[in-house]
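Here it is: the structure, laid out below.
Read from first to last, the chains carry the letters A, B, C, D, E and F; within each, the first residue is number 1.
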Amino acid sequence: MPALVQLLTIFVLAIFVGFFVITRVPPLLHTPLMSGSNAISGITIIGAMLAVATPDPLSTVMGYIAIVFASINVVGGFLVTHRMLGMFKRKE
Amino acid sequence: MPALVQLLTIFVLAIFVGFFVITRVPPLLHTPLMSGSNAISGITIIGAMLAVATPDPLSTVMGYIAIVFASINVVGGFLVTHRMLGMFKRKE
Amino acid sequence: MALVPSMLPSLTKVGAEVLIERSAGERAGFADKAYADKGATIVASRAELFAQAEVIVQVRGLGANQDAGHLDIPLLRAGQAVVGFLDPLGSPEFARDLAQKGVTAFAIELMPRVARAQSMDALSSQATISGYKAVLLAAHHLPRVFPLMMTAAGTLSAARVFVLGAGVAGLQAIASARRLGAVVEAYDVRPAVKEQVESVGARFVELPLETAASEDKSGYAVGQDESFYRRQRDVLTRVVTSSDVVITTAAIPGKKSPVLVTREMVEGMQRGSVVVDLAAERGGNCEATRPDEVVEINGVIILGPTNLPATVPNHASQMYAKNVTAFLLHLMKDGRLQLDSDDEITRETMVTRDGHVVHERVK
Amino acid sequence: MALVPSMLPSLTKVGAEVLIERSAGERAGFADKAYADKGATIVASRAELFAQAEVIVQVRGLGANQDAGHLDIPLLRAGQAVVGFLDPLGSPEFARDLAQKGVTAFAIELMPRVARAQSMDALSSQATISGYKAVLLAAHHLPRVFPLMMTAAGTLSAARVFVLGAGVAGLQAIASARRLGAVVEAYDVRPAVKEQVESVGARFVELPLETAASEDKSGYAVGQDESFYRRQRDVLTRVVTSSDVVITTAAIPGKKSPVLVTREMVEGMQRGSVVVDLAAERGGNCEATRPDEVVEINGVIILGPTNLPATVPNHASQMYAKNVTAFLLHLMKDGRLQLDSDDEITRETMVTRDGHVVHERVK
Amino acid sequence: MTALVNVAYLVAAVLFILGLVGLSHPRTAPRGNLIGALGMLLAVVVTLLDRQVIEASTRGLLLIFSAIVVGGAIGAWLALKIRMTAMPQMVALLNGFGGGASVLVAGAALRDASTPSLQLTIATAASGLVGGITFWGSLVAFDKLQEFFLRGKPVHFPMQQTLNALLFIGALAFGVAIALDPTAGWAYWGLVALASVLGVTLTLPIGGADMPVAIALLNSYSGIAAAATGFVLSNNALIITGSLVGASGIILTRIMCRAMNRSLMNVLLGHGVGAGQVGASADAVYAGKVKSASAEEVAMVLGSARRVVIVPGYGMAVSQAQHAVRDLANLLESRGAAVEFGIHPVAGRMPGHMNVLLAEANVPYDKLKEQSEINSQFEQTDVALVIGANDVVNPLARTDPSSPIAGMPIMDVDKARTVIVMKRSLSPGFAGIPNPLFAADNTLMYFGDGKAAVLELIAALKEAG
Amino acid sequence: MTALVNVAYLVAAVLFILGLVGLSHPRTAPRGNLIGALGMLLAVVVTLLDRQVIEASTRGLLLIFSAIVVGGAIGAWLALKIRMTAMPQMVALLNGFGGGASVLVAGAALRDASTPSLQLTIATAASGLVGGITFWGSLVAFDKLQEFFLRGKPVHFPMQQTLNALLFIGALAFGVAIALDPTAGWAYWGLVALASVLGVTLTLPIGGADMPVAIALLNSYSGIAAAATGFVLSNNALIITGSLVGASGIILTRIMCRAMNRSLMNVLLGHGVGAGQVGASADAVYAGKVKSASAEEVAMVLGSARRVVIVPGYGMAVSQAQHAVRDLANLLESRGAAVEFGIHPVAGRMPGHMNVLLAEANVPYDKLKEQSEINSQFEQTDVALVIGANDVVNPLARTDPSSPIAGMPIMDVDKARTVIVMKRSLSPGFAGIPNPLFAADNTLMYFGDGKAAVLELIAALKEAG
């Protein structure tokens, strides 16, 4: 089985999972959900890590910047989400 | 990437999809849903078709029976579901 | 009025002929013409009516109508049947008069409380009216309004109403007072009534029984000793004196009513409070009650109406007529009385027959 | 009673001294002692009271109290202030009497209907009581029960109540009748009231206006022509004659009340029906009304109570006292009257001052 | 070519997913089922294009076609013949065949594989184990519901759990044998044999009432078997579909257990409700004939009713459910049903009791019908909803002259198409006598405290959309 | 090794999924976020084990670490510095960086590929296009909300749609060029440039109030870019995560549009509500200061309140909402809040109007507090819930001596921590005057017809669990 088909299959299934996970989320969680999933989309960081590790210097620079961008996205995203969710904690 | 990992990935994602699809289904649809997904599980039929097409006669026989079984499952399952769902149609 | 025009067709259908004394229905809002239209014969005088009719149907007959009841005795004929409230338990002497006259008398208040007699149960139907009217009477006399009102001119607090005895009349009183917005509490000796009281939205006043004692014997047995009564009075005093309206309904048919509200309790009530004693006819549940009079003690008004249904004559008559008609239809076959003394309803209500008092409890 | 004990502290706090005529609070359930406890001085006679007090506070004073009001005139002193219902619009001659005496008179019924005067608005507070009591009165006289009851002795249909004029008293009457379980309809000339009527659960009776006409002019303008009146009467006749209880509240302060229920309509009503005319004091909304009398026409009872609040003296006094106290506190500074005729409330209520009738509408 | 086939499988899998999504809502369910069938058709057609199949002889193709025709005919015949009431056992039966097919396919693949990988052998063992359990478990479930050999009662025997454990360990041992020596065909069939016994012994203890849960679980197993077969064949379609069904089946099982307020363990071990709990309060009148329904089932019945008559009684008063009842009536009306209240003259404990309460809840008077008026209309009524009434709907009043309520006119709710009785238990009412209405064919009992039960019902109605 | 890395990626993806599941429920959301972060950590650590990385020089590793530290520090600083109210623009900004990273990674991969396949080139083009749009679109969105250069208003210019179309076609052309000649680096950067312009022009017309929707959409784009990069690198983790985020973002966008009662097209084109609709009913008092909340938001506020005072007015009477209000009060109490009713003496249109209604709904008298009694307690009140009242809560009575209600004692609801006002519009009440309460800082308007709105609120409260 060619690799592309498998990748496509994985892609399609993941899209379904994405759809289902979000359906019926209460509106009050829209913002944290958005920023949480935003943080996750920083997964490009692993691609960037691979890019830095190439011999080509330009690629390395691009990879470096990409890592910086992606880690801003990841770290900032998770932290912002965390702060936002702090507001929902019930004071017992 | 070895094929098994891809298969596993697909397996895991499909399980998630399965979980999400069914959550929150109203109880009155339990039975049709059960029989509908039952029909789908007759997908083994394609495996059986491949088995029949082998030269080994025993395999062919096993495949033949498997096709019969699976098609009972598939055809019966979809039809039963269809009949059951007929009950839910609102008389306008 | 013991019969209303709308009931006549069911009687004439089974072959009965209906005679109506002239203007008898007037007070309840039923004109002679309405009866005549439904096939009744209007009879000019009471004497004439008694002379012609085989069955006399009244609301309050002999016994139950101490004032005018005896006037009817000379008019009665042997073989005639009489149906109505006759109070045979309270005034057995009148039952004997009826027996002497050879009259077959049915006391509707003796109706057994079996399910199939529910439609003939005039005590219940009249108690329904009484319970409702008792609340109106209280509201009418109370110098305050019943509901809570928060207004620009201050807050008017809700009236506190206490209903003693939660039978038919009591429950209806509770419901009516609640409707008007009062805060209602109720008490009854039968603890089973608690749920019923709550089902019409009132609080049931419970007596704090000694736990030790109530574990050995039944709650009722414990209720007999003197300390119980004392504690009962204490509790009742507390509730009565903090109430604006007290409605008592603990009548025991044919017996003297138990005294539940003492003069002392009344004296402890706020000026302007009102007591409505529905048990007035048999002495009353309140020590100070005088039947059909308005008594005032320390500014507390005590009413002892003995015939509240008569103040709602139209609907009371409608219900009574329905009860009596159901009863007559039960007694009759082919337009004539057919008495079957094996039948529980007939047996339990028949007071006299063939010149004798035949009822066990009246004899 | 124009003041209740619980109001005294707010008056004494601002430095006023309160005198109470002996036994004045008795009927409303307030003992002299209760006043004395709150710091009032009990004065033995009316004359003495008038001699001592700077401000006289009454419920119904001159004018509003045709029977006894004039007895007070000789007792009044120049410079004294009088607060109460004085009916200056209906009986302007009494206002002149007061002016002659040199009295400063405040007619509480002239209280302007501005938001900050709401707590002084005695017309509203007393109308609240009237609306409630009118329903009780009707229920008391009706030979039927108000609520629908489906019982073993047949179904008692709910009373149909029609309220004409849905102002303060009318709305309260609607709410009270609904509470008791009646089916209520209401009518008012002001179409804006429809929403209010529905907000207390009644149906608003609408007049079928001719669409063509109402598109040109405002609805009210169209209302003026003769065919409108005829159709209005037709609609009202239909509703009135099919009602068990009619309560009319369309009083116009100081003017003769409009006749809404004609004798003909009354004659069309069922026997036993009841009309309660709250506008009786000024002639009534019903042609047949006679103030404070019970009129019976064809079995229909017409009541024209002119002072229903007095039948609920305790709460009515509480409200009135609150109104008057708020008014006095508004007029007073440092325990004395300080009249500021720039103030809308003062100006609008003051009928006489310094020997003159000063009010625009009374002059 | 293979790539294309695999893309087609992906499309089929997507169609299955969409089908299941459709099936989870009443309105879209019929379409969902069709979409699923379409996916299956696609998968089958595409498989014909598979190299292995195309390269097979015409005989192979003929075999495939004939098998499909035979199986399809049997399936269709079963599906169309069966009575509606026998649906659950039918589903069990069909499901069993699916499991059986997996066993056979995996077995054949094991034979055919030239150099079986570890993936293949382990997957084959899994397929044989789960498929075997599914096949026989489903047959037992079918039989229990159809009552051919076995009755619906749970079957218990000593050492049941120990036996199951032993069987399972034995099956695992065979599995290891296969992995070590892929040519050991006997090991595979030994495994299948043990799995078959296990299927029977696992299903026997489950009670008849719990069967739907068991079937859902078996359904999940058949999905797992298919997924395992997918790993045997390295086939995406089988893996996706199998795991889809496997996961959804397990979720469904959990949902159903929760709806019945049971734990899955209780169900599997055959403990719990069964006869015991009902037996305690039942007497001669009710024995075994009372059908209890959940809020959702009641909502379903009400959801399709066009004419509903509500008959309230003392229970409504006790639980002060009048406001909730009014809301329920309004909700039903807003969905197009005609709703009326049948008021019995002695319902409750005082004359006019129901009137007071319903007036408080603002139920318009014209919706209240007297007994004599409504009785003639029950025959045209889809659902009579009895809320906390008992004596006033007791047909004994008509039939048993010795009963204390003999001769009392009652509400003829039993003439309605369906009667739903809402009360806390089978306890008697004021008259203290049992009520045969509760055991009538067209009666569903909906147990619960008046107000809470009505509120739950409202929620269920809203949920069902 | 690669297999292990890929399994780890699968685990990371599963953690992401579980994290998102957690984020969709208030109670589990904080945990969900942690789980997501854990997944990310796993993915990063595992990547260090990748052959390509391991084989890189120490310098490479150092570069990676330093880049992560720099980026992480900036991200943390941004996240912790920002005010809570600026969260939305913060999310936009972070999101932009994600898109930028995709562009760079895809570009680097294109350079590094020895024999770029068609898969790689097409995926690279997609990544560059979507990533470029995301990056610049997010920056514009950020700026619009932060109001550095641009104000929140939609920016329209002539031929906007045509320009966008041209830009898009141009980008596609560059994409084709890349596919035909993978060594054409210029084509990639040309594509990125056009995509960047497109990102700006697409975001400019979107109004400030609609920005959350735009951000959700851009978030979805960044996911798609990541997925495309995944295809570039044939990396499961990127594909799964990217499509997860892409799909969930699109759904979220749809949900948000629906909640705002807008169509996505309207939002993207900058049509619709904006100033117009509000402006119509607003006057000097309200201009721009009224905050409207949905049932869910109100439910959230109420859900965490411990002391609630309900202030009913004429609107409750008009819509006959008393029963629903009672249910709401009971629901709040059952969740542990203390609920009381503040009854203003002239609320409604007749003396005692609220009393009649609340008595009908069986609200116990002792829950009704007079104005003088409750007023001193508003300061300790978490939420004052005003249901259809207006004049009686109008602070003008205290402050504006010329107002018709001057001097009327009012309910001091404005002293409560949060005020929620439920009414149909900003229309005035009996006195015909505007109410500054509605524009107060601590006031949320919840628009709707009394009864329906309360029922919706009850549903939302129940949903939020």
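What we mean here is this: a contact is a pair of C-beta atoms (placed from the backbone, for glycine too) under 8 Å apart; a residue touches a chain by one contact, two chains touch by 3 or more.
These figures come from a predicted structure and were not determined experimentally.
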Chain labels contacting chain D and also chain E: C, F
Minimum number of chain-to-chain touching steps separating chain A from chain D: 2
Chain at maximum distance from chain D, centres defined as averaged CA atoms: B
Greatest separation from chain F - chain, by CA centre: C
Interface composition of copies chain A and chain B: same or different, split at half: same
Inter-chain centre distance, chain E versus chain F - centres from mean C-alpha coordinates, in Å: 40
Centre-of-Cα separation between chain E and chain B, whole angstrom: 18
Averaged-CA centre spacing for the pair chain F and chain A, given as whole angstrom: 18
Touching two or more other chains - residue numbers and ranges from chain A: 1, 3-4, 6-7, 9-10, 12-14, 16-17, 21, 24
Of all residues in chain F, the ones touching two or more other chains: 13, 17, 234, 236, 240, 320, 345-346, 351-352, 356, 359-360, 362
Interface hub residues of chain D, defined as touching at least two other chains: 118-119, 124-125, 128, 147, 149, 151-154, 156, 179, 181, 201
Interchain contacts (touch definition) - all pairs: A-B, A-E, A-F, B-E, B-F, C-D, C-E, C-F, D-E, D-F, E-F
Chain E-touching residues of chain F, taken from the complex the two chains share: 320, 323, 326-327, 360-362, 459
Contacting residues of chain E [partner chain A, same complex]: 2-3, 6-7, 10, 13-14, 17, 234, 236, 240
Residue numbers on chain B that touch chain F, as the complex places them: 1-2, 4-6, 8-9, 12-13, 16
Of all residues in chain A, those that touch chain B in their complex: 1, 3, 6-7, 9-10, 13-14, 16-17, 20-21, 24
Residues of chain D touching chain F in the complex: 114-116, 118-119, 124-125, 128, 168, 171-172, 175, 179, 195-196, 198-201
